[in-house]
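Please find the structures below.
First subunit A sits with subunit B, and in the next complex the same chain sits with subunit C.
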Partner chain A sequence: MAITRINIGPVHPSTHGVLRLVVDLDGDTIERVEPHVGFLHRGVEKLVETRMYMQSPPYMEKLDYIAPLSYDEAYVSAVEKALGVEVKERAQYARVILLELQRIASHLLAVGTMCNDLGQMFTVFMWAFKDRDMVLKLLEEAAGNRMFYVNMRLGGLLRELPPDFEMQTLDVIDYMERRIPEYERYIEGNPVFMERMKGVGVLSQKDARNLGVTGPVLRASGIEYDVRKNNPYYVYDKLHFSVKSLEKGDNFSRYRIRMMEMRESIRLIRDAFDKMPAAGDMLGMPVKLRSPAPVNKEVRVSRELPRGEALMHMVADQQKPYRLSIRSPSFINLAALPDIAKGYRLADLFSILGSLDLVMGCVDR
Partner chain B sequence: MADYDGEEFENARKEMEGLVERSLQGREVKPNVLFAKLSEITKSAPVTKDLIRWSRQNSVWPMQFGLACCAMELMDFGSARVDAERKGYLLFRGTPRQCDVMVVAGWVTKSMIPEIKRLYEQMSSPKYVISYGECATCGGPWFESYNIIKGIDQVLPVDVYVGGCPPRPESLFAALMKLQKKIGGGIED
Partner chain C sequence: MQINANSIANVNSLVGSGNLLYGIVGIVVYAIIVALMLSVFGYSFGWIERKIIARAQYRHGPTYVGKYGFLQNMADLVKLLSKREIALSKGDNFMVRVSVPLMLSLSVFIILLLPFSPWLQATNIGFGLLLIFVAIAFFPMLVFLTGFSTGNKFGDISAQRSVLMLLSYELPMIVVVITIALVTGSYNLQGIIAAQSSHWFVILMPIGFIVMFIAMLAEFERPPFDLREADSELIAGWLTDISAPYYALVLFLDYTRMFMGSLIIAILFLGGWMGPSFLPGIVWMIAKAVVVALFVIVVRATTFRMRIDRVLHLGWLVLIPLSLINLLITYIVLLWIA
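Moving on, here comes the complex of A and B:
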């Protein structure tokens, strides 16, 4: 049969941003997918070279606008490593709490929009956004803004957590714990969803390893790798949580793994509040124009973001980075799309794309 | 924006009436209101211009089109907390042909300009643009970037600007209310 070549995007309701896909179809079967990226490219890595160290976190947050705090933290810890700044113990716990809250918010959005892509499930999207707003409200109280926080300072945080933050957070995560089974019952009880997710978009363990995918996509393919466990930072090694992995590597596993991770994040937040030392403060250095001289010339910092492992490779100069190279998880996961989607139907392309949970700002940088 | 009293409007009306007449040829049953001629409606309600303005004002349909970060707040605008449908901003449409207002949410790169222009041209005629957020308004933090244009108003005519990085969903609500006022004739161009 003749090959039909169609173009999807760059503006398409289901591509989660401006992604252009050129798809070769044999009938309704995908022969080849070619993602065209770069519609959001704005040269972050170059801009950062012209900014002082602590002027850059706002740029970093705009990389992954679904989980801004995580990138902020990754960049600031790269600067801390370069300048040789120790993070206060109480601040480490506070950072873990904020990061895990951000992970819950991000996964909620991922699940909500994924169900939205599969049609007729606007309910989950509404639920997810309602619950995400509760988490965002907590982060807003801690940092002062709704979406972009710029809360990290060298060695700590911008300010102490508010006095009733612990109580409010525990309330919200108690609510979330009751809510997650509700999501699962609703989503997994839907035959359309199950039909379109189970056994579709399989990424085998070997392929996952070879393509270098990270995060939930990797763990859904049966490889138990999580930077928080394998290469712990902050106080993650003192806290109780487990890394989940599933065997099948299909769309459904990628969705399941996000639900499991939300549960683990809830466990982590509870544990972090229990073990957080009462003494000491969490204030970081105020933002000054001149920062201390760098101790390490070249640093690499690897962090587990909600979307996977991000690597910040920075060559430090006196006042600003000489070069910052970012390995973004979304870009790597997008590279796996042609291999995953081959052989499936055109309609499955969007369920696969939804389950990969890409952020185009992070892909294009 | 477009003047509805002009020749264009008259032509459209004639064309529409011709279509209706042709479709009614040889029919004896009186058509229901859905297939009535525009002139028949205007007979019962003589204030046509106001009527059309009123109906346009209360069914502003935004386009489902997000560029970057601000699109997250756009999605929040479409969700349950900010109940946008109560003021007539219906569900986000996936196709530009059904939309009245384009919300440019996010930074505009040079490679996106032709696409955005094309989308704008595909929208049907009384069309409005809201520039949502700093990046779409003036380039925002990317002012020194080599690939970002400094504001969507270099490409499209903008009706309402919203500041903030990102603006809260409530700000979009306020912007759309302002746009409604403009469509209704409350604010002059």
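Moving on, here comes the complex of A and C:
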């Protein structure tokens, strides 16, 4: 049969930004998918080389605009490791709490946009947006901004968490705990959804390992790998949570694993509030023009972002990074798309894309 | 199955006699009334749908233009109509220009055939039921032609989907229609309504009602069967290259067709214009159609889009057996009653 080549994007309702896909179709079956990236390339890695260490966090946050705080934290901890700055214990707990809140917000949006890609008329998306907003309010309380926080300072945070932050957060996560089963009941109760998600977009364990995907995509394929557990940072080794994994590696597992991780994040936040020391402060060093001289010349910092593992590889110079290389999880996960989508139908391409949960800012850097 | 020879004679006598002029004037006046009614319903349903879906999604919907945002759709319409048409360089402009108005006039034609009360109907022809389903079958064909003539690959895929869907749900729909004709013994719409005076057909054949409802959703591109304009996959499918003035017509057409489908379901299964006599027949008829249309909107707010192979699966392996079972059960029930 003749092959039809269609061009999807870069401006398309469900490519989550500016992703261009060239798809070869045999009838309705996908023969080949070729992602073209770079429409949102801003040269951040190069830009960082021209700025002082603590001038760069705002750029980092714009990489992943769905979970800005996570990238900010990854970069700042790379700088901390290079400059040999210790993070205060209370600040470590506070960072864990904020990061997990950010993870909940990001996963909620991932589920919402995935439902949009499946042709849901924005209903789950709007519910997720409303619930995500409660989390954003908490982060605003802590950082002062709604979207881009720039909250991390060397050795701690910009400021103390507000006095009633714990109470407010516990309220919100109690609400989330009631809310997540509601999402599940609604989404998984829909036969059309189950039909389109189960057994579609299967990424086998072997392929997942070979393609280097990370995060929920990897764990949905049956590999229990989570940087928080395998290579713990901050106080993650002192907190109770488990890394979930599912066997099938299809779209449904990737959706399901996000729901499970939200529950785990809720557990983590509760635990972190319980174990947080009352004494001490969490203030970091104020941003100064001159930072201390680097202790380590070359550092690698690996962090579990909502979308997967990010690796910050920095070669430190006196006041600026000599070179910063970012391994972005979305980019690697996108690279798995041609292998996943091959042989499925055109409509499945978008559900697979939705379940990978890409952020193009993170892909193109 | 007999054709009501009486009503055919009526039409013939109308055309043959000296009252032709009156007949034509009457039909034109009635057509204008129906078109006005359609506009009112199409417009208000545009607003009602936005409000209901907004409510399902924790939003307010339109609020600014007019009271409760009632004029928002008018503002959208004016905006779309004031834009220029962009002629296609590769596609067939003629087909695009013709097909959308043709679909609109087809829906007016179908509604002209529907009885709103014992006397409120353009012509009461004996095979009205068959005629409306023949006319309905033109919609997917026009979608197919428009999709292909836009010369766009998304339009092509949309056109192919349109034909596949036509193959999968038209058949069960016709089987249900035949069942109704079998029960009433006529293809006359007034006859079908009269046959429901003791019990509505939704009670006699609930399976048939479900099949018909699903087939109507598919016919008029309502979710979960909006595969032809699937916005998250095909951008807008056959509408991708339709320029603004025609797109305004398409938006209007959506609600017109929804209203038309609801009216047909109300006639075939919910007793048409019949109801307690303190209100005129047309009020009951429209009330029933509104209830069906509201249900269609709720379905839109909550469901996901089906995939084309699953639509074929549903059509051939679920709906056609169901409609045949419905035929069998109805036949047995009728025999038992007789």
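Methods note: the second predicted complex is superposed on the first by the 364 of 365 C-alpha atoms of A that agree within 3 Å, B and C clash if a C-alpha of one lies under 4 Å from a C-alpha of the other, contacts with A are read in each partner's own complex, and residues count from 1 in each chain.
Simple rule for what comes next: a contact is a pair of C-beta atoms (placed from the backbone, for glycine too) under 8 Å apart; a residue touches a chain by one contact, two chains touch by 3 or more.
All of these numbers come straight from a predicted model, not from anything done at the bench.
**Student:** A:M126 contacts which: subunit B (first), subunit C (second), both, neither?
**Tutor:** both
**Student:** Thinking of the overlay built on chain A, is A:V295 touched by subunit B (first), by subunit C (second), by both, or by neither?
**Tutor:** Once the two structures are laid over each other on A, A:V295 reaches no partner at all.
**Student:** On the A-aligned overlay, A:F350 touches which partner chain: subunit B = first, subunit C = second, or both, or neither?
**Tutor:** Only subunit C; A:F350 stays clear of subunit B.
**Student:** For A:I3, using the defined touch cut-off, is the partner it touches subunit B, subunit C, both, or neither? Pick first, second, both or neither.
**Tutor:** In the superposition, A:I3 contacts neither subunit B nor subunit C.
**Student:** Please indicate which partner A:M147 is in contact with in the superposed arrangement: first for subunit B, second for subunit C, both, or neither.
**Tutor:** Touch status of A:M147: first partner only.
**Student:** First (subunit B), second (subunit C), both or neither: which does A:P13 touch?
**Tutor:** Both partners, subunit B and subunit C.
**Student:** Per the contact definition in the header, classify A:G43: touching subunit B only (first), subunit C only (second), both, or neither.
**Tutor:** After superposition on chain A, A:G43 lies in contact with subunit B alone.
**Student:** Can you list the residues of subunit A that touch subunit B in one structure and subunit C in the other?
**Tutor:** 13, 125-127, 130
**Student:** Once bound in the complex, which stretches of subunit A touch subunit C?
**Tutor:** Residues in contact with subunit C: 4, 6-7, 12-14, 28, 115-123, 125-127, 130, 190, 192-193, 195-196, 345-350.
**Student:** Which part of subunit C faces subunit A closely enough to touch in the complex?
**Tutor:** Residues 53, 56-59, 153-154, 156-157, 223-224, 226-227, 230-233, 235, 300-310.
**Student:** In the complex, go through subunit A and note every residue touching subunit B.
**Tutor:** Interface residues on the subunit A side: 10-11, 13, 17-18, 38-43, 46-47, 50, 58-59, 62, 65-66, 109, 113, 125-127, 129-130, 133, 146-148, 360-361.
**Student:** Of all residues in subunit B, which touch subunit A in the complex?
**Tutor:** Subunit B residues touching subunit A: 64-69, 71-73, 75-76, 79-81, 92, 94, 106-107, 109, 111-112, 115, 119, 141-142, 144-148, 165-166, 168.
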